[in-house]
Amino acid sequence: MKVAIVGATGYGGIELIRLLRQHRHVSELSVFSSSQAGTNYDDIYPHVQDIYQGVLKSVDAHQLADEYDVIFVSAPPGVAAELMEYLIDGQAKVIDLSGDFRLLDGSIYEDWYGRPAAKSSLVEKAVYGLSEWNREEIEKAKLIANPGCYPTAVLLGLAPLANDNVIDTSTLIIDAKSGTTGAGKNPSEMTHFAEMNDSLKVYKVNQHKHTPEIEQQLEQWIGTKEPITFTPHLVPMSRGIMATMYAKVSDSLTKTKVEQIYRDAYEKTPFVRINSSRYPATKEVYGSNFTNISYHLDERTGRITVISVIDNLVKGAAGQAIQNMNLMQGFEETEGLWAMPVYP
Amino acid sequence: MKVAIVGATGYGGIELIRLLRQHRHVSELSVFSSSQAGTNYDDIYPHVQDIYQGVLKSVDAHQLADEYDVIFVSAPPGVAAELMEYLIDGQAKVIDLSGDFRLLDGSIYEDWYGRPAAKSSLVEKAVYGLSEWNREEIEKAKLIANPGCYPTAVLLGLAPLANDNVIDTSTLIIDAKSGTTGAGKNPSEMTHFAEMNDSLKVYKVNQHKHTPEIEQQLEQWIGTKEPITFTPHLVPMSRGIMATMYAKVSDSLTKTKVEQIYRDAYEKTPFVRINSSRYPATKEVYGSNFTNISYHLDERTGRITVISVIDNLVKGAAGQAIQNMNLMQGFEETEGLWAMPVYP
Amino acid sequence: MKVAIVGATGYGGIELIRLLRQHRHVSELSVFSSSQAGTNYDDIYPHVQDIYQGVLKSVDAHQLADEYDVIFVSAPPGVAAELMEYLIDGQAKVIDLSGDFRLLDGSIYEDWYGRPAAKSSLVEKAVYGLSEWNREEIEKAKLIANPGCYPTAVLLGLAPLANDNVIDTSTLIIDAKSGTTGAGKNPSEMTHFAEMNDSLKVYKVNQHKHTPEIEQQLEQWIGTKEPITFTPHLVPMSRGIMATMYAKVSDSLTKTKVEQIYRDAYEKTPFVRINSSRYPATKEVYGSNFTNISYHLDERTGRITVISVIDNLVKGAAGQAIQNMNLMQGFEETEGLWAMPVYP
Amino acid sequence: MKVAIVGATGYGGIELIRLLRQHRHVSELSVFSSSQAGTNYDDIYPHVQDIYQGVLKSVDAHQLADEYDVIFVSAPPGVAAELMEYLIDGQAKVIDLSGDFRLLDGSIYEDWYGRPAAKSSLVEKAVYGLSEWNREEIEKAKLIANPGCYPTAVLLGLAPLANDNVIDTSTLIIDAKSGTTGAGKNPSEMTHFAEMNDSLKVYKVNQHKHTPEIEQQLEQWIGTKEPITFTPHLVPMSRGIMATMYAKVSDSLTKTKVEQIYRDAYEKTPFVRINSSRYPATKEVYGSNFTNISYHLDERTGRITVISVIDNLVKGAAGQAIQNMNLMQGFEETEGLWAMPVYP
């Protein structure tokens, strides 16, 4: 199988390469970049020296559409939307890691992203790639809108409760914390080491563009639309997301029932690990495709606290993208992804 | 003024020494420790070499009561409760940094702390030392129950809203994050560098003993008792607490009104800084007694998000204790505390 | 192939499990621990939940000797020395990650380790497992003394120069820096997060027990014995060692010649990467078995500066141990180890 | 006393403000910046909100020369050289934190800095501000060339040995490690959090411009010129420099003698702390003007290892600059600087 990565120089791109190298069905792995075509990949990322000898190629939509089986697009907003107009008729299946095809309603996209939405005819063709909950559609998809890092952590944590309709989403609060690779590879004041080290930051309160992505999926599960409260924070660590989520539960919800709901939801999914007798830490999934979920029902307040932990670059980006590729191509779901977290 | 620190070898103790050295009215500063009496302080903390030559003395309650003007107790739970039986009749004013005298209801103390409460006759004499909101009582106090680190950040953030009765406390969620000095000086697996570095942890979900302390104060302000949801996290940094707090607001609450409420509450308090056009970071108060507060009213959800940031060892412990001493002794409130945060 | 890990609960042990899980010739992987026999491995290390279901067994030397093909011993000093008396006659090949069999001269061992040396009859049977430089002996070995983490970084960096006899070892200075996992899993004041974070420490100046290990190997290469200066430092990071090494060079040594010496030495070794047009960083080998080496000849001073970088838990421990197993068993040298570093 | 800071927006500038605010003889503190004139200082550095209300003024050399008593220049290379042509005839004393006036030989400056040197007539007027060793000249100076951060740590560590002529400088190796604030406030790939966190880097091997600064001072002390080997490293921490230094010693040098040399050298200097029964850590001087020095004579190798630790922004920049101001103005040497390190 021939695989292409468009926008291969970002942190999502390098993680795709790391994981795809381990994938037994990938025979060729090519990297593309508009801005750095002609550059040896190991000149940008010296840690790949002697392991990956790719040279960045310039992006040619027609060539991509014809020559590859699967194309991952890991580029800034808008790139995939434009490229997809050509790729849609090619043979290649496409997995887009940006937000271009995630929001069904173009006007909501434009409100939150502050830029024109992709053509609705393309958005309609995209399948939202939350692997554990959209498996059947993913298997048949031509185009995957790979979920955002925060939505992945949040939705995997909430899905069992939302699908069983045992929480009141009008009371839902999501307090999310991320390592700084989520902010990308470009140096900025916010992620300058001296400014970020030994410090905790909050940002984009009520304004993060992953908010409508979470709302849209919850609405599909629950049937009613509720605005949620979502707050992202930046933690002085490289990788990892923890989402701490709060909601009022139905009066009838017992601890036994919650346990059963989560067990039923995830007993057959290899990458979701439930454990409510312990408190999770982001390091426990470092470098891996796992999601660790813990939940705590509080009788004093009638609320449930759900904690969901992922590696933002793996399950929150490259790993889930490959998991989706596995589903689309009929491979073992864990192929290339069944590595143990790197600990400590 | 002669000052004693009992339990001087913990992180609260060393921070008291750092700050009291700068205090113009402290003429003598003695350190006490039951377990390490006789040890030179700079053998434990080499960073004080050539600056502070104290030798740890063994704790003798009668001597303490007679010889010092102010005694800070920065010891494990129970030490202050026992010591206070002797100190209560001495000349010294006492500021206790433990939780021994914070909870008015002994049975609640015993539920959350899992140990016997202090004598209620002593607890009744204690004044809760939230400097900005209890000023008058503090000025007249003999015994101060210095607030916990989390409650300080939380209560300073919520006080204006609670006192103006514009939030629905039954919807209150507090998601708090702390640096690891909050867990103290004793090595443990949880705070082992290799386990904590590059990782974010959640702990004691719905079970942290600062929960009833927050509830008790909110009840005093609002008049009704509501159980709250409080979740502490451990962040890979040395110092700093950020509390992110969420509540439904009264329908009539406007941005202009919120602004006015916070401005009115804190315009005369030197250590609280309000800024809602920016997002705070813990580093902005590092090493200082400041509390930075930011609030964000969200019309979509009808909720307010309040973010409050302190240095847990300063405003969350030693700094507020000294601020209280200043109030009790009639000194300038900022004496010894008016240093700029160490940045970056 | 059946593999056992004795002393499996330390950081070396968990890294062996992570890597051996990826190894295609390992059919059974058992874990042993004297102190924690009966415990589920994932109760100690929750990050292995649902991936590795091993239960710690108590250590029985006879059973070990009979039932396993390869035994890794990753235990405190002395354990392997004792165990080996039984294992030496069994079928299993043994790879010891401690220092028990590294030093040929028992009196030197006793000076630096402060404890009795292993029987010399056993030490004589051990092969020093510096994979790149001892390949032929390793292939035939029954017992491997796996090199220490610092010596691995140091010796791989110096070996080409020492073997070509182009440096004056009497001028050799080794300034080494390690992440804290090198100090092991047991919490201590030195590695308490609040003490180690945002700080750089030096320790055991001229007293680290890896010093004679380096000297012994250099003597074998060069033919004369020289005491070296070796200084270890602790860096606020989890993994990684950087050794910065300095020596006077022969007058005749040119840049071209140095280049050739390193190229010749390492052109066929998959895990050593030479690059002198860049400066290495420990992150570039994170989680991998690579050694990155850079050298800089300074005409002003007549010295060469060699910089060598490894992941202390992989090439400095578990990875090199598995590399040695591959050599001993006739497997592909890179089997189970050919993963890309986790970056960033 | 009226004080001006030119180039006040860098990390050196903010540290000058933090420390000068505590100085009892500073009645006015003005900040200047060519590029950001008109900006409120707390818009750039929110941690100074409500404490320092300065507004950045544009740089006017004549005005500066006339209106201020002391001017600190904390600007990029070349700025002070140009400005000084006007300031030299004004009333203000000038302390330059850049390298413009440190190197007496303009051609050496041009080799290492890659830009034109300052006028030699100005350079000749500058006094090298290594406070502990140049006290008398500093007291009479009009213009101070404040030492670089690395040279400060290095020279304070070596000075007693060099002045007593007990080391062979031809064998001198300096392995230096710095926190990232030394690289300044501008975001870059090298100091991007995700690239720097959990990583150790080496840079500018044999090429750092602080090398000739160290050589020049050693030559003045010893009388002969020797090229030294100097290697800087970047450590994942915000502040702190540790210099580990190695040299062969005279045969006659005993431990007792070394002790006496260091004691004699520093018994009257308040900011240098000698301790050779412990190993120093950078955190022990965090935020303070102290230098911690430890030395270890190794009989096996005939070498001494000297370890010197400073906070690069304080003793390595702003703190030493103020110490020099105190000497120039006849104030107490410790004025404004006698704070305890912030620990932990």
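Which chain is which? They are A, B, C and D, in the order written, and residues in each are numbered from 1.
To be clear about the criterion, a contact is a pair of C-beta atoms (placed from the backbone, for glycine too) under 8 Å apart; a residue touches a chain by one contact, two chains touch by 3 or more.
Everything numeric here is computed off the predicted structure, so don't read it as measured data.
When the interfaces B-D and A-B are ranked by C-beta pairs in contact, the top one is A-B. Using the average of C-alpha coordinates as each chain's centre, D ends up farthest from chain A. Centre-to-centre separation between chain B and chain C, using Cα means, comes to 46 Å. For this pair, chain B with chain D, the centres built from the Cα atoms lie 37 Å apart. We define each chain's centre as the mean of its Cα atoms; on that basis chain A and chain B are separated by 39 Å.
Among the residues of chain A, those in touch with two or more other chains are 11, 179, 181, 194, 197-198, 236-238, 280, 283, 286, 344. Taken together, the chain B residues at the contact with chain D in this complex read 11, 14, 17-18, 21-22, 45-52, 181, 197-198, 238, 270, 273, 275, 278, 280, 283-287, 292, 338-344.
Considering their complex, residues 11, 179-181, 183, 185, 187-189, 191-194, 196-198, 236-238 of chain A touch chain D. Interface of chain C with chain D (complex): residues 171, 173, 175, 177, 179, 194-195, 197-206, 227-229, 231, 233, 235-240, 242, 244, 246, 279-283, 286, 294, 296, 298, 300-301, 303, 305, 307, 344.
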